[in-house]
Structure formats: C-alpha cells, structure tokens
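In what comes next, subunit A is part of two complexes: it sits with subunit B in the first one and with subunit C in the second one.
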Partner chain A sequence: MNHILQVNNLQTAFKTDKGMQTVVHGISFHVDKGEIVGIVGESGCGKSVTSLSIMRLLHDTPGKITGGQVIYNDHDLLRLPESSMKGYRGKELAMIFQEPMTSLNPVLKIGKQLREPIQLHLKMSKADAAEHAVKVLESVGIPRAKDIMEEYPHQLSGGMRQRVMIAMAISCKPSLLIADEPTTALDVTIQAQILSLMKEIQKENDMGILMITHDLGVVAEVCNRVIVMYAGRVVEETTVELLFENPKHPYTKGLIASVPKIGSGSKRLHSIPGTVPSPTNMPTGCKFAPRCKDVMDFCHTEEPGLIEEDGHSCRCWLYQDQRQGAMTE
Partner chain B sequence: MSNIQPEVVTTDRIVNERKETHFHQFWKEFRKKKPALISLFFILFLILIMIIGPSVVPYDPAKPDYNRVLESPTLEHFFGTDEFGRDILSRLAVGARLTLSVSISAVLLGAVFGTILGLVSGFFGKLLDRSIMRVCDVLFAFPDLILAIGIVAILGPGLRNVIIAVSFFSIPSFARIVRSATLETKEMLFVEATRSIGASNRRIIWKHIFPETVPTIIVYFTMKVGTAILAAASLSFLGLGAEPSSPDWGAMLSKSRDYIDSSFHLVFFPGLIIFLTVLAFNLLGDGLRDVLDPKTKD
Partner chain C sequence: MKDEVLIDIKDVKKHFPLSKKWFAEKKYVKAVDGVSFSIKKGETFGLVGESGCGKSTTGRLINGLIKADSGEIKFKGKNLANISEKDWKKYRKPMQMVFQDPYASLSPRLKVKDILSEPLKIHYPKMPNDEKKKLVTELMDKCGISEFHLEKYPHEFSGGQRQRIGIARSLILRPELIIADEPVSALDVSIQSQILNLMKDLQEEFGLTYLFISHDLSVVEHISDRVGVMYLGNLVEIARKRQIFEDPKHPYTQALLSSIPQPDPKKKRETIVLTGEIPSAANPPSGCKFHTRCPAAMEICRKIVPELKQLGREQYTACHLY
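Here is the complex of A and B:
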C-alpha cells in the first residue's frame, strides 16, 4: 500500500487543573499519495490538535501525545528524537495555518521568510534560495514575485499572504501537506481561488493533503475522502460522494442539513441542538447521544465501535446491534 | 503596446515609495516630538565632541596655569578655570569621551547579557525561567548605586570595574523587559509556523523573536544610559571610579566641591553638563518609546 501517512490509535491529552484530559481518543486514519483527505468537525472536536500532534507541534501547548503511532514512510514520527523531527518538518510534512495574517513574522521581509525553509532543507546558497523562492511564488500565482520578496507582510492582502504561506509550505516539495482551515479567514471569492490553487499544486507535485476544516463546502469542493470527527473520535469515514449521498451518522446528517441551500425558501436554518461536551464532562455512552435525534436507550450507556461496511465506516448503534459493537470495542 | 509602458512605471514608483516608508514613518512621527528631537541633536553634538573633542579644545586640559587659578567665566575661558588654572570647558569636552564611553559601554554590556538571559528565560520557561528571574529579583532588591558600590568595593576602584559594576545592575532590568517581550512574541502564530517548517529553537529565538524585541531594547537602552552616566559620575564622585585628576565629569564635580563657596562655577558647569546629558537621554528615550512602542500609540 502506498499510504504516505498512517495514523494508528493516536491519543493526545491536555494537562489541566483536574489532571490529564484526553482530547483525541485513539484516532486512526491514513492519507495516500495524491489524495486529499478532509477532517471535518465543529470547534473543539480535536481536529487541530490531531494535526499538531502529527507535526509534533504541541511543544508550546499544555498538550502531550499519550499513545499511538504516526507512521510516515515506514518511520514512526512519534519515536523520532526532536533533532531528526526538525528534518521532517517543512521538508517531508508541511503545514498551512488558519490565519495568514499572523502566520508571517511582521518584522521580516517576505523574501527572508521564504528563503528560510529552502536554505534549511535544500541546503541552497542565499542567491539560489532567493531564485527558487521567486519561482515558487510565481507558481502560486503571485504577480511581481520579485518585488514581493522585498516587501513586508503588512503590505500584502490576506489572500496574498495565504498564497505566500502556501508557497512557503510547498517550497521544499513535501509529500504531505497539512492545511489547518486554510481558507477560514479569507472571503469567499479568495477562498475559491486558494482551494483551486491547492488542488492544482497537489496534482502537480502528487502530494497528499490533509485538509482540516469545519466547512462542508470546502470538503465537497476539494476532498477525495472525508473523516468526520466528534469529541475527539472518528464518527464517520468515507468518500466524498458517499458522504453527501448517503450520510450515516446522525451527526454528519445534522452537519449536512445545517448547510444553507440555495432555493430552499425562507425556512429557518437547521442546527444541531446543544454543544460539544467538554472533555471534563463526557457522557458515558455514545458521545453524541445527548444531541442525537435518533437516540436510543442504550446509546447512553455504551459507546459504539467504528464499523466499516463497503468502504463506509460509522460509529453509531443504528447500523450495528449492541452485541456486535461490544465485541469490536 | 503604448499603454503597457506607463503601467510598469507606476508599479515601480509604488514599490519605491513603499521601500522608504519604514524609516520615513518613524522619522515623521519622531520629528513631532520636539523635546526628543532637541535631545537627539544634543546627544549627537556630545558624540561629535567625544570624537573630535581632544583635537579642537582651546587649552590643554591637563596643563596647569598658576596665573589664572579659579578664574570666573570670561571671554577667554567660557566656563572659567579650576584650582590649577585649567580651562573647565576644555576639561569637560575631553571628559565627555571618558564619561560617555564608560556609561555607554557599561549599558551595552548589560544589554547584551540581559537580552540573552531574557530571551532564554522567556523562551524556555519552566525551571530555567524561574531560576533566572529569582536571581534577577535578588539583584533588584539592592538599590542600583549600593550594588555598584559593593561590586567596586570587591573588585577595587578603577574605570574598568565601574563599567562592570554599572553593567551588572542593568542586567536584571534588561533581562526582565526582554523576557516579557519574548513571552508575548512566543505565543504568536508565526513562531509555530516557523517551527512547522523545521526551524530549530536557536533559529527561532535569534531570527524571529529577537528582532521583535529590538524596539523595546533601543528605548530602554537610551533611558538606561542616563542612569549609567549618573551612576558612573556618582562612583567617580565617591572616589571609586575615575582617577581624581582625570577630566571625568564626576571626578571634576568631586574635586571642586571644596570651592563651592568661593568659586561656584567650578561645581556648576560639570553638574550642569551631567544634568543636561542625563535629561537628554531620558527625553530621547521617552520620544523613542512613544514612536516605537505600539502599546503607547493611539
């Protein structure tokens, strides 16, 4: 199999006043070469923590990876010493952050920041790195790339900055790009441009992309496969087509129903009642049970397992009888 | 074709204008701060005197003239003469080099060590941070001058030891302000973004966090020079710094206090120049802070 990234049973916990609180509960998934995988879920479901865990960037947070494996090209990234991990970040796995406004250092020129990963990983001279940087900038559709190299981040618009961030991320031709809500802070027309740019770059370089988002529109636009997360767990995983045609999990159904549709009249927008339970106050059974409209009695007492059927996994009692679920757990 | 040419010209012009904005913006703001501007010119003038002083002074600052002892200011001697008939203006001009170089180098030394400690402390945090900050707290507990006197008492008098003493008491203050700037910068997303491209801690500190703290350091440096001049002069006044016969401002003040009743100018002019210099550095620091520190901006 040509999985470039295989995450097995990843667990991440955060240190709080009440001890360690697990926020990512044994997540497993994989990303193949040339595939765009989306991770969807509402705020606080552990999407971003998952991406930071893969990059091992929990350093500045109270978070800690407590178990599992992150296998990249047969190497378990979680077992690497920090010094060799540095060689992977930016070179093999790169990341784009949510806010292009603050992801660039305001006091350094764009050129200097762009040259940084290139000089670091490709061991180029300053002049060669600058030339390479201009090429990359041009490839992400930035006009007058040479001039931009001499400018400061505040002189660029949000869309331009996100392009610069993408340029920086792909400058060393990583095989996996993690995009943490890359279009959330941008307005809609720029969103579309950035998404199509990412698709283009992905085809050109044959990278895998892990797209983290809460926007189902983005998922429908670019992803091949989708992972739906809820309360630190995978609740559904399938291809984009199947997800939108035949969503199984009540949570996914709720998410899809919440997207406004053109031509649906002046009906009120659908919303899922309640909020994501806090890690300190998790329900005992299915974590979605308190908000679920199809809830059954034993949903509250026992958590269902993630069951796969025809390439469509789902964690819900509606699709499995209780005993079968209990066995797989 | 003809309409492409003008467009290129406009872009070029815009780029040029943008290139200038950084310094221009600073200057445009700073120019409005009149006290700071005057202080800047005064300090530049002092620095000029520091460099060319010894070759342009009208009299030899060390040569006694026993015919003109303790003369009040005249047209020949603008600031009068001292108890050996030496020209006070010449002595002050030559002494500028001594006093300013001692205080500036002391603050520079303190700034370098303090900045390193502050960056390391703020960036790595935890036990390292706590121990560095507690040591700084201990140093803070002593009044600056007492600490300096103590250090000079241990190391022995002399200008080199004055530099060490003054730099020593500026270290904790630099460490503390740089630490707080570091803590603030460390949380910014671009630090995480830089780490995500594989940069090492050393690189992040040096290339990304340090530049962010520079404006704070510049402001504080300017203000601290004023304090250092005062401290160096005080130490010399107490006989712990410069040789009593040298034209150091503090030493001149110290020597001339015996004549305060009969020849007021002997004390007045060294005192005035110390006062003006310290004031200038403080006003310049204030002005720089108003312009450079984003928090004080409206």
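Here is the complex of A and C:
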C-alpha cells in the first residue's frame, strides 16, 4: 500500500451560539504517491476546514476535530503532540493558500522566510540553506532569485508572491502538498503559469497533491482523482475521466452542467435551484434533497450511504437499494 | 430598429494621477487609453480582460460616474462628454449599473421593498403608493424573489438572492442599458448560472441592452453577442462572439482563450502559457503594449502602436501581424 495520506472518518465541528455545529461529517479518502487528488464543491461545503484539519491548523478558529484519523506514514497525526506535528508540517506535509500572505510574513525578507525552515528541517547551515532557497526560487520560475531573497513580500506582484509561497512549501521536498484554491485569486494567464508549474514540480518530486478548488476546469486540467463534497460530506469519488464522462450524483451532474463552456454557444445554462444549506439549517435525510430534481419521498427522511461500485463511489439513493444503503451506514 | 446604435464611444481616455506629491514628476495610470466601440440596441456587448485592464473604468465612464479626459461618449447620438450635472440625471435614468457585490450597493438599513421603491420616489414623486408596490412586487417576482421576502433586509439573503435584488433595483426605472460589472464573479457556479439565465430572460422581456463586464471569458462567451478584449487600457480585438472563440486573431485573445481550464479532461488543449507578468498601467511597454509577453512579437512591435484594423465583416484587431 502506498497511500501517503489516509483520512478516516474525519469529523470537525465549530463552536457557535447554537452549540457545536459539525461542518465536516465523517469524511474518508486517501492520496497516493505521485497523484493529484481534487476536492471540489461550492463555497461552504467544508473543503478548507478539511485541509486545515489535516494540517491541524484550526487553532486560530473556533473549530475542533471531533473524530477520525489522519494517517500519514503509519502515524495518526491527530494523536501526535503539537511538538512532533511541527516536525511534519512544512517538511512532510506542506500547504499553500489562495492568499499568499497567509503564509508569508510581511515584515520579513523573503530570503529569511525561506531559509529558516530549510535550516530547521533539512539541518543545513545558514549559507547552504540560502543557496538551496535560491535554487528553489529559480525552480518555480522566479527571475532574479538572488535579488528577491533581499526583498519583502509587498514588493512582488500577486503571481510572484504565489510562486514564492509555492517555493516555500516545496523547499523541504514534502511528500504531500495541500493546495487550497491556489489560483483562485489570479488572472487566467497567471493561473495557467501556476498550474503548469504545479504539475511540473509534482512530477519532478513525485509528490502527492491534494488540490482544493471550486473550479471544475482546474479539476479537469490537473487532477487524477476527484472527491466531490456537499454539505460537509463526500457525495462522489472517482477518477477524473469517469467523473466528467459519467457523473452519478445529481449534485455533480448539476455542477458540471452549470459551467459555461467555451464554444457551446448561448443555449440556456443548466442551473441548480436553491442554495447550499447552512450547518444550522441542515435538512434531514439527503442533504441535497431540497435542490435535487430526482428527489424521491424517502430522500427527505433517510440519508444514503457512500457506496462504491467499480472504483466509483456515490452517496445517492438512485444507485442503491434503500435498505442496503441504510444498513451500510 | 434592430441596428439603432445606443452607445457609441470614440477614442475615450481616462488617466488617473498616480502621485499626489507636487514635486514628483506627474505620473498617470493609463486606465483607459483611447477606447472606441459601439453597442446596438438590444445586443449584449461583453468586455473582457484581466484585472486592471480598464473594464470597470470604461463602464463608469459610460455611466457618467467619472468624466473622460478626452474622447466622445454618445448615448443615442447625444454626446455626453460635456453635458451639465443636471442633464446627467436625465441621461442616467435609462442607464443603470449592476455590481459584483450587490451587498455593498444595497443599503443595509432598508427593507428590500424600500430599496426598490426609493428610485420610484425620486423620479416619480407623484406615483401613488399602491402603484409603486405593484411595480415592485411584479418586478421582484420576475427576478425570482417572492412577495413575502419584501419585508426583509439585505443581510437576510444569500449572495445569489442579493444579486437578484440588485438586478431588480437596476430595472425598476425601466432603463434601456444595463452596465453589469462582474455581476456573477462572486457567485458559485450553480448560482452563477441561475443569474445568467435570469439576465437573458429579462433582456428578452424588457428589450434590454447589456454592457457585460467580466474577467471570465467563458461567462462572456455565454452571454454576449459581440465581445471586446482589453489589455492595459486598450481594446485589442472586437468581434462577434463566434469569431472571437472560433477564430481569434489577436495573440492576446488566443492566449486568454487557451488559458481557461475547460471542464473536460479529454480535451487536451494546447495552453499558450504566456511568460512574464501583466505590466503596470502606469508604465506600459512602448509600441504594442502586449509585446513583452507576446509569443509572436516582432521588431516593429516595440516601436509602433498597432491600430485597430478591420479584418472581417465585424472583426477588428490591433496587431502588426495583420
């Protein structure tokens, strides 16, 4: 088995006025070596909370992991003391964000910010670490890498800052990179640069990447396997080819049909009625039922399980006998 | 009537002063740097380009929210460039705007029904209340907000519903032209498609003309009849939608088009990955402003500004290749 990451039944809740609200509801998936796995879904479905939970970066939020396992290299990261987790973060698992200033310190020179984790994790001298940092900056396509070491983040453009953040994330050769909407804030021509860069470094380092995005175009472009999330649950999981060729879940079908496609003219777009339910106002039964055009009576009362068939998992009563589903749940 | 020109702008410029320091050499952001196009009645003209290329400024110039430094902006044949503030009010009524973030443009303290009836109060002070109410209710219903929501405040709605309210408000005075500046950019795709469909339905019902501004070419393709592509303050290509997407001429249009990730893993497109950054509009490259990133750049491109040239029946491109 060469899963780099195995998430089992992860559950995360937020403290609110109305008590603890579970926003990530027992999700399970894995990422293999050399694989780019996408997590896709609309805003509020729990993608970022999932990634922050894996990295154990929830301390600045009212969020708390309330169950499950995050297995990396046979260790359950959720059981490690914070001091050992620090040894993993930035070295074995690294994360990049939509907003590069989430990981960059505005008052420190880029060189120092890059060098210090390298010294710490790769046990290099200051001079060697600086040299390594310049190499990494060059590898992500930054011109004048040596000069940029002496500059501050605000002196760079958005696209350049994104590259610096990627450089920082890959500087210690992590085996897993979690990228949360890494190109969402960028213009399309810059997005194309960053996506092609990510594919390149993934191949070079044989990393696993967990790519979190709301953009089905980005998914189709870079991912091998895809997890579709809705209301804190995995509702579908399969290869990228199968997902677009033969989507099963009515939510996935609706999402794919909603995207305006170049060259498809002006015909009416498919749209999904209604909006994503909020955690405080979750329907019983299937969470998608209020918006689903295939809804059946019992969808409103009973939630289907996630059932796998031929490498394609789906959480929908259309694909399972009601009793069988209820039993596996 | 089909070919009546509603908006006709010629060589419009807007340069914003960059530095307020009196001793510094005066520098300007050339936000809109000589833009010309026209929009026919009933059509949707899509304005597309990456952030900072001058799309919003163009929209605001047409709407009269800001004044052009030079050039001509004609609405139904009347030059709006030098009319008085008083006359502007009259011209602004048939021109309304829809913004990306409707929340920022809806007063948080007003109920939805008041947000919609306020423009009626200003422009038709003598209109009886029940008539106002009827107009508001009917329009909201057409925009997909039921009567029962009229007593609510903006914060009680989701992003998509707020955009419906923003659109309804823009229509209450029965304008002819809607300038929609990134109206679906903040919305999730399932909601985005609801709003795009709504805008098409309303266009048909009210015979509206749209200036549809967006950084997203797929959205622009979907909604537009003709498209203008902007780069650093200039239009580099104008054409019918089909021509732009099937046979783009300008190297920037080609790159932009190939950069959009398509939701189809089998379509292995050849992405033209442009090198380099978008230059600053305060210090744009000489000659063709795109020459620093253009894969086809030639010697002449660094020196001479290419003019928009007609290539096909309705296709214009500013590039020395043609």
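Quick notes on this structure:
Here is the rule we use: the second predicted complex is superposed on the first by the 324 of 329 C-alpha atoms of A that agree within 3 Å, B and C clash if a C-alpha of one lies under 4 Å from a C-alpha of the other, contacts with A are read in each partner's own complex, and residues count from 1 in each chain.
Here is the rule we go by: a contact is a pair of C-beta atoms (placed from the backbone, for glycine too) under 8 Å apart; a residue touches a chain by one contact, two chains touch by 3 or more.
The structure displayed is predicted, hence computed values, not measured ones.
Placing subunit B and subunit C on a common subunit A by superposition gives a fit, with no clash between them. By the document's definition of touching, of the two partners only subunit C reaches A:Ser43; subunit B does not.
Taking the Cα centre of subunit A as vertex, the centres of subunit B and subunit C in the superposed model span 80°, given to the nearest 10.
Within the superposed three-chain model, A:Leu57 lies in touch with subunit B and out of touch with subunit C [touch as defined at top].
When subunit A is checked against subunit B and against subunit C, the one touching more of its residues turns out to be C.
Using the contact criterion defined above for the overlaid structures, shared-chain residue A:Met168 touches subunit B, although it does not reach subunit C.
After overlaying the two complexes on the shared chain, residue contacts for A:Val107 are found with subunit B alone; subunit C is out of touch.
Look at A:Gly87: by the touch rule set out above, it reaches subunit B but stays clear of subunit C. In the superposition on chain A, A:Val188 makes contact with subunit C only, while subunit B stays out of contact range. Once chain A of one complex is fitted onto chain A of the other, the partner contacts of A:Asp297 are absent, as it touches neither subunit B nor subunit C. Shared-chain residue A:Leu120: touches subunit B; no touch with subunit C.
For the three-chain overlay built from the shared chain A, the minimum Cα spacing from subunit B to subunit C equals 10 Å.
Across the complex, subunit C meets subunit A through its residues 50-51, 158, 160-161, 188-194, 196-197, 200, 215, 217-219, 221-223, 241, 245-246, 255-266, 271, 273-275, 277-278, 293. Chain contact summary for the complex, subunit B toward subunit A: residues 11, 15, 18-19, 22, 186-200, 203, 207-208, 211-212. Touching subunit C in their complex are the following residues of subunit A: 42-43, 157, 159-160, 187-193, 195-196, 214-221, 240-241, 244-245, 254-256, 258-264, 266, 268-273, 275-276.
Of all the residues in subunit A, the ones that touch subunit B in their complex are 55, 57, 59-60, 86-91, 94-95, 97, 99, 102-108, 116-117, 120-121, 144, 147, 150-152, 155, 165, 168-169.
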